[in-house]
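We call the chains A, B, C and D, going by the order they appear; numbering starts again at 1 in every chain.
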């Protein structure tokens, strides 16, 4: 039984009892690491199955084996009792396994419509592509799922959230038996999330097996029928969602209890202004943004996708040009407006886009960590390598960065550990103001709380922390004051005590 | 070497040689050794003092420019105009020497011109954001044309300065002066890349320019620096070449850029930036020139001088990949 | 161009130049010259000779450069024919490569004079005798070797196998040399690429292998100078060395004869004269006159300061002495040509 | 499917927008400017004879440029095409001389081209060696091999078959050179492939983002492999045209040809980064450079000025394009 979301009439009745997909005894080893050890997973047709676990638990590896990205070392995969031999993504797609990966997997130069049909172009006579059908079908598909985007738009020109929706839509354009979604909501707005959940429920109603991978407990409780938890490459539990509470889920995932995700240890912030931004505008997005951040304070910026948080972050550290306005750090103006001056004055950015703006993937951990503070280890232009490594080792120990050695290429570390290295980069430099943009993107629960603790500590040490986030709990859990943006403008600033989810969302909508 | 630190990361350091030699250097060192042994078995003259000096002198020119080029390629840019610039520099240097009879002024003019070409390339790449491969093809054409606008004939040596002749043909002890100059430039470049903050930044810019810029480092200046250094190296090499030929030859340097870039790539420096070492470049230059020399010494058809480096470049890169795979697997 | 004017030009030219070809009543208006490598000194002087002769005859001369690219040469000739030149002069980048070009010219009724190298299907070619040039220089080198080098002749040939012309020069040189020094040997036979840096590199390696030579022969001045520079760079004295250059294409050889003790013989080929002769041949073809297949342009070996007979040199520019050069008698036919090579 | 019929997308505006965004229009304007400028300044430039001559001259770069652009779009580079031009002329001419058959000669040349494409493609796509290194290596190997085999002498076309000569001298309806006709037909076929065949879109996807392409079920290595084969075969066709134009197998044929083609391709808006650009753009780039060099020759400018001006125009054009792109993308 297979179902094409576009042509639901062709689907047959849900045939429960026979698993849609059955993975048994899956093993996968990477050099020096056992990624998966004898893992089982069973997906039932018409059911929504959540897969949870910390980073490094093996979720991604399991999905990638399902998708044919990796080969498995041992174990079997069966679809409705028939054993599958999946060697490449093509094999997996042919079996109707559609995976929506967390990282956007679209060709940004193509139109939205073309991306929808990337896996198989409808062709007309003579095997030429039927562009009219592509446009019409994708428009129809968007219509069905209530998704408002121009199929002729260039994909790269869309905001990330819409790209994510396009990816989800793509999984529905072809016949599917199993749909896998890896952290699909990480950049969606609340409206889009509820849209997505409606879509997922309809998929299930059509008899498709859905595997929903997420860190977000509330989402899992809302949508899932069953939850499987992995830890350290091993299967921990598979239970109906009704048997779980927040605590039991977290305990399964981490193997211990977290007292609180947001351990606040710092005192109340001082009143010394560390960062002052007045009348800031940029050519594309920002309009007359003014605010101040005090030393020892976490100032949280909330906004929906496209509100201009990332643009603001890049502008105030001097990375992107501004058209008007002033920025001053500790009373000294950021002039000329560039990152060199910014870092000299003591303002730096922890980027949301680690891969293209943060990491030097090919270079070792220690060189990534010391990048911003090399001057401190320089003696007449020469690097004191011993001193440098000692300093980096210090941070590796303090932040419990998991790496085989300082010489490991940073691309081989997990997201959470990469983020810790990047935070170390700024701590080694010594800043007055740190701007953190979506600091926990792509980072799991366990590592998240460590990152939160680090941010708390930074503020405690007297830094002004400007935090851009789209995660409401993060905002309410960490920030002293909350600023809300909408379409490039600052629409509200409130203290945490005054803030409610409703007030924040109202300001975000404008 | 930076390379070794990277490639050794996954495995413990097993032997001293491993600390000195990164992945591709090891392969290359073996290739070099095999070549030397094989050639000298077939032709004992290979190990004559005169031949070794001849090889070293040939290496010197390539190594000087390759030192700058390695830095440039590490920052993920490339300069194809070095061959054309080499010819132009020689003509300008010689013309200034003829009119001033001062080696210092001649050198200065050559360096100023070549450095200026580097600066121009650098500005076009960093300011106008033109892909360096294309930008320097453009500069190459402009220089090839420009040199004939400057002089239609080879610029002859009218000044007869001994010091100028020594630049190419002189010796310090038993070692030819160009070799000494090359070693000094190589050493400075190697130390810079290996031990200084500047060198570290050059790697960093090649690995991720945006990250470097976010860290408060002026990445464009680093690239500009690498372009200018490459230019200056061409200035030195151009003057040595014109001394060796006793004239500024507008036709010189054809295909020189490919020899230099091939040697750098052969040495394991990645065209994508962020990876490579000068020690590898040294080996790359030696391998290329030993092959060239061996073919002449053995009396083989000189056309093989084109075929063999082609095979070696592909082979060395392939062996490097195999080795890396073996290490990972 | 009216009748009386051309007579005037013709008679003026005839008066000025005793060896000039007989003038006809019709002058082509425009001649197009596609050269091989205009930035090279040799061709610059060929062009100079053409220009001065064309000016005398009142002909408009246009020059295009193939810059060593055969495809570009074909394109440039096409352009000329589209433009409507009366006669085409071509220095082939490569002998085989311009066959289609000749075919096209024939179908367009444009006569073609070749300069330098023969091509299958050609009407006429103006060229020196390469073998003879090498041969006469070889004879002079033999005499010098007998007198100054103790009768020994160990030759390093900085050659260029790429072109039959340059191969002929090297052969001629050795054959001429052997007429005086029968046991002369070629120790090294090198491909110096015809350019100085390559010649230098190749010679350096060869000398490192075996430096037991006493004559350096170069198929052009860049090659002989490249060889000589390699000799000097190896730290050797020029006392018992003879360097023989070929061409005399630019200033380099004058400089070398003045300053390098071993640079004693230059096989001069007078590029200016070759250009001059090519224009005359073009005029004849235009008028449908009979011309020999090979119009020989004269060459002469120059010993030591002989060059002053043929050239004025003011330290920056050399000027050909037409009287002396026009007085040289070229042979009717060459001793050996590229056709002999292919046998 | 009732929803599908409500075709909300009109083809018109999006096409026009895409044309602007894809910069072909700017290139076309540039080409018209070049032609207009020389029509006024260079004698005999704007004549049917000269225009069609230029098309014939451009046929080499056009044909090889298709392959070059396709390889660029797939995210790789091929700089061995210049040497390939010289290499495949050998079997072509030798076989024709032996057999007096154009078909066998062309077949031999294509077989040779195929082998070279397979080698380039295998080493890049399957052995995983950087394509710039692979093709730099094969460039050296082929050029050296040709020199070795020929002893640096050209091999004349002794067979002188009429059909082969027609490739150089013949003109369709006595106007357009056959070589140009071949180039234009190939251009149309491959431009159609790139825009309207699934395989063409796969090439764009593979170059645009290989990881995404793999996840979409494409065999990335196979796609790249085929691109190299296509490039080698098209360069072979260019080599056959060149051999006809010069009536021989030239050992120095195509020296620096790769630079010309790469420059024209990039000028035409095909990105070295992969996934961006079109064959139409490439063709316009080739034509701009070809008309430019023809016009400069027509003005009687010496080589040195032609080089300087061409160099400046390449840099200026790419800089302008880059500035425009940045303005569109923002920042």
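Definition applied: contacts are C-beta pairs under 8 Å (C-beta built on N, C-alpha and C of every residue); 3 or more make two chains touch, one makes a residue touch a chain.
Remember, it's a predicted structure, so these values are computed and weren't measured experimentally.
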| item | value |
| --- | --- |
| Given chain A and chain B, the chains that contact each of them | D |
| Reference chain D; chain at largest CA-centroid distance | A |
| A-D or B-D, whichever has more C-beta pairs in contact | B-D |
| Distance between chain centroids, defined by C-alpha means - chain A, chain D (Å) | 42 |
| Gap in Å, rounded to a whole number, between the CA centres of chain D and chain B | 31 |
| Whole-Å separation of chain centres (CA-atom averages), chain C against chain D | 38 |
| Chain A and chain C, separation of their C-alpha mean positions in angstrom | 73 |
| Multi-chain contact residues (two or more partners), chain A | none |
| Set of chain B residues in contact with two or more other chains | 148 |
| Shared interface positions of chain C, touching two or more other chains | 39, 191 |
| Which chain pairs touch, all of them | A-B, A-D, B-C, B-D, C-D |
| Footprint of chain D on chain B - complex, ascending | 124, 128-131, 133-135, 137-149, 258, 261-262, 265, 270-271, 301, 303-311, 313-314, 317-318, 321 |
| Of all residues in chain B, those that touch chain C in their complex | 43, 45, 48, 50-55, 57-58, 148, 152-154, 156-158, 160, 165, 168-169, 171, 176, 241, 244-247, 249-254, 292-293, 296-297, 302 |
| Of all residues in chain C, those that touch chain B in their complex | 39-41, 44, 190-191, 195-197, 200-202, 204-211, 222, 225-226, 229, 232-235, 250-252, 255, 259, 315 |
| Of chain A, residues touching chain D in the complex | 6-7, 67, 69, 88-90, 92-94, 99, 101, 105-110, 113-114, 118-121, 123, 127-129, 131-133, 135-137, 139-140, 143-144, 150-152, 154, 283-284, 320-321 |
| Contact set on chain D toward chain A in their complex | 1, 3-9, 14, 21, 192, 196-198, 201, 204-205, 208-209, 211-219, 275-276, 330-331 |
